[in-house]
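These notes concern the structure reproduced below.
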């Protein structure tokens, strides 16, 4: 027993050390490869690798080596996992992840160790707010952004009284917060904020409540399985054609196949969509389809842009990850040529980007306009 | 050498090995062993309940998480808190919850007890999960590492890996010795009696409920210590710390190490962490490493199936025999 | 001096629709062995369980040393001097004989909060365990593991553990069950020696033994007392003869 | 809240409670009769939902009957699966202590989740309700109640009545009742206990899977869906009393009501209310509302 434990200890602690010693650029991909978000992690990695392939497998002249780690979307293990990449595998860059709680833990580790971190999805406001740091970047969005954009849209479309509904969790609260901020600034009123525990999906009582309140519109933030069910329940409760449903883009992203007819015509806001008139998007989609035999989604774009941001920063620093100030300066100064359209990185290291208004048509989230151009997250509490 | 002398020698050798490890362990190694030691303390708390008192608690994560949250929430926004009052505060929180949870769940037995403890820990989970107090689902940061000092003079900087490592090691040794003393004391013997045959203990005149409740609260306190250390180590807490897979994991640890003695909990905590890492090694399992849960699951099933008399031997079975006492009264002689 | 130690009054216990005990009254006196006999299923064990507080009576009352203890829990009754043994051996097999006795004795001097002092260093409980082990004839076996004892020795240990709690009343559930002739003799001698200073309720199947040792006998049939009195009176009771002893007596 | 809204909320509570009952009844039977704590029960619910998703295309050409064909095929598969599972993994667990049962079934959860991931992927899938059930009944100007939810409630009520009839009227039911209060007694009745257990277990799996299949169109199918149901079903079983079908029904309806109205009136505390209810019941009656004695 004891001997086998010691053998295991050697295997676990020493195995990964074998591949050390070259000047390769080590990129630690800490993404969900199992569980609910596995598909998202997969898309992010594919996007990242696509950009790398376009660059001939090198960033700033250095060959790239990946160290992959499944974060299981489990925040309880997140600090350990991030530490493993930083301290055991000595990665030069951390890339990850999808789950906000895990990303929060990663940000803490990155901040403590000074490791460069690029977040390719998780929208936790705190990461580019109070937790912001010179070496922490995001290639996706903050939860606040799509909500804020939709608040303006809802007000413009004449809604006065709105009910919001979301899971009682940080991402939902932040999204609703963004919506409320712009909507009430434009003179509207959020008459009731409904919520239910994450990831509970028994929406029926809340839908009954909505029907009783009779608001002008409903704003919602759900994702994944909850998004599918909410849209279906909303239609089944007979509300779809009577009270417009507005949502942050995730309610119809990657879920349209499951939602079917019930999602048709829904309006959502996000920084990406289908039918964008952006040349870069067309080449990106073609390349992605050729490489992987599937259409890319917003997560693939975020992975792709994470790689781009890394390249911009490292090129400016001559491939030296320790020159954090130069990396940050270059990334903040850059105009990033993304499939979502050109965007920049704000002072708090969150993208400043156009938020698109999209409508569900068939199996597409068709872009029908820009809801808010060049929207920047306020980065409240960020001191850099 | 007597068996007792050998046990003490092994204990001292293990503690020494752990004390010397940072010299060779490297940054990650120190981190990893720190984590395993925290979990060893956590596993010891459950061993006290499951192995010594015969109470199969499936909600141990609640104490761990509550203390971790209390550590973060009690730290002032403006600066570091002193360990001298932060640790008691964290332990107080987990101990109080253990008192509440134990008072209710010890009224039940067997399968019921397992389910009730699980449900109560889920309740704690949902409180952290659904209220903005602790940052909701995203969790919350510990902004300042607690300060350990005497009369204003700092003793150890717990924010640095090495000092923290030794702090955790000292705690582990202290808990081990403390629990060892408890088990040898009259209280420990009474617990053992209750585990083996509660009915007989009642017939002898032991009110078993307060004994079990005391064990439950004590276990909650020790788990709380582990939670406090975890919060300080990571500087970040999240509701998932109270999730039921954390309870399941720690249960797995003590079983892997062997139930019925304290060293089993420590060995199990180390072995389980290593095993988990092993199943995740890309270099061994390649692409299949991402389905490492399957490996763990099959290992567990094989483990149960391969040991017909139970990993715990007959001890726990007898512990639950008293649960069917009522039924036997029916059956025996109506 | 009033020698009444334990009294059960009109005790009834129902399981759903089944009446296990039907208004049973019984009185145990110090210095007497009171045997309880009856066929299987007559309610003997239920009566012992109700008296000791292990199960609640549906109705009726229990008095211990003149105090109404009907609402008391079993541990409380035990601490007040009501000891019992079980039909099946309920010793702690991994413990030594000494530990078994010590654990029972500990019920008297609990003080569980003294966590720093090892149980093995506790003098009062040690003294008690040595005494009771010697008294039941296990003085030589103090450090043997209880699981390794012979059947008869286990039953003796069972009695020793009862004694360790310093009871005034002993409820003994079939202490002779499964014993060989020689072992039975030893146990009967032991029980006879315990008569002094204790009130003993002896549930037993072995009729020869019962009629030899008992001062008083109560006969249960279908949960009710059909006869109670001296061995002679019970033996001569026609109801008992037909219901229980058959033509044998 | 006006009366109409209140009534609709009651309907919501009823429907949710009935669905919970379906899952919890299997769980309580397996607990009560076989004395096995089965953490993997939620996995059977998930299995059912995924079967509804995977089998539907096979019966699509049957039109309106296709839905029932899917249900029937799913139940048959679930019974076979449960029977084999009992034989392979559970038959030797009865003699083991609870700790080992917890372990084994915890291991099974991990295995089931990974197998699901390997076989079906990690995507969220929707399952269409049959066309003739997919409408809504308009109530007042804005409200409408989905027909499919009424259908679920109807099926659950029928099943509950069926279960009640089986348990109170048949020989099998008598054995189940006897087993729940006293396991050893059943074997003394001259029953082949192994066979009884195997049938019971298969029935429990089928009930959970059926619940999963029925729920699939309203809940969609997604990874980890089983574990969520499992814990709430534990609460139901604890409140109702282990082994009691009546208790499971009462407790499920109670939990459904507390959850539904909790969400509306105390959204901040909705997640905790059910557990508070459990704590209160435990205080009052440690053995649950309908302790099987």
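Going in written order, the chains are labelled A, B, C and D, and every chain counts its residues from 1.
FYI, contacts are C-beta pairs under 8 Å (C-beta built on N, C-alpha and C of every residue); 3 or more make two chains touch, one makes a residue touch a chain.
Computed from a predicted model, the values in this text were never measured in an experiment.
Visitor: Which chains are in contact with both chain B and chain C?
Guide: none
Visitor: Setting chain B aside and leaving every other chain in place, which groups of chains remain linked through touching?
Guide: Without chain B, and with every other chain where it sits, the touching chains cluster as A, D | C.
Visitor: So, comparing each chain's Cα centre against the centre of all protein Cα atoms, which one is closest?
Guide: When every chain is reduced to its C-alpha mean, the one closest to the whole-protein mean is B.
Visitor: Would you identify the chain whose Cα-based centre sits farthest away from the centre of chain D?
Guide: Centre of mass proxy via C-alpha means gives C as farthest from chain D.
Visitor: Roughly how far is chain A from chain B, centre to centre by C-alpha average, rounded to an integer in Å?
Guide: 35
Visitor: Between chain B and chain D, what is the gap in Å from one C-alpha centre to the other?
Guide: Centre-to-centre distance between chain B and chain D: 32 Å.
Visitor: Between chain A and chain C, what distance separates the C-alpha centroids? Give it in angstrom.
Guide: For chain A versus chain C, the centre distance works out to 73 Å.
Visitor: With chain centres taken as the means of their Cα atoms, state the distance from chain C to chain D in Å.
Guide: Taking the mean C-alpha position of each chain, the two centres sit 48 Å apart.
Visitor: When you check chain B against every other chain, which residues touch at least two of them?
Guide: 126, 129-130, 291, 293, 330
Visitor: Among the residues of chain A, which are close enough to touch at least two other chains?
Guide: Residues 34, 38, 168, 197 of chain A each touch two or more of the other chains.
Visitor: Chain pairs in touch?
Guide: Chain-chain contacts present: A-B, A-D, B-C, B-D.
Visitor: Within the complex, which stretch of chain A touches chain D?
Guide: 34-39, 168, 194-197, 199-202, 204-206, 208-209, 211-212, 214, 224-225, 227-229, 232-233, 236-239, 242-243, 254-255, 257-260
Visitor: Can you check the complex and tell me which residues of chain B touch chain D?
Guide: Of all residues in chain B, those touching chain D are 50, 56, 58, 104-105, 107-108, 110-112, 114-116, 118-120, 122-123, 126-127, 129-131, 244, 248, 251-252, 255, 259, 291, 293-294, 296-301, 303-305, 308, 310-312, 316-317, 319-320, 327, 330-331.
Visitor: Looking at the complex, which residues from chain D come into contact with chain B?
Guide: Within the complex, chain D touches chain B at residues 31, 35, 37, 89, 92-93, 96-100, 102-104, 106-111, 113-115, 117-118, 181-185, 227, 231, 234-235, 237-238, 242, 268-272, 275-276, 278-279, 282-283, 286-287.
Visitor: Spell out the residues on chain B that touch chain A in their complex, using ranges where they run on.
Guide: These residues of chain B touch chain A: 25-29, 31-32, 35, 126, 129-130, 132, 135-139, 141, 233-236, 238-241, 243, 245-246, 267, 270-271, 274-275, 277-278, 280-284, 289-293.
Visitor: Which bits of chain B are touching chain C when the two form their complex?
Guide: 178, 181-182, 184-190, 192-193, 196-197, 199-208, 211, 214, 315, 326, 329-330, 332-334
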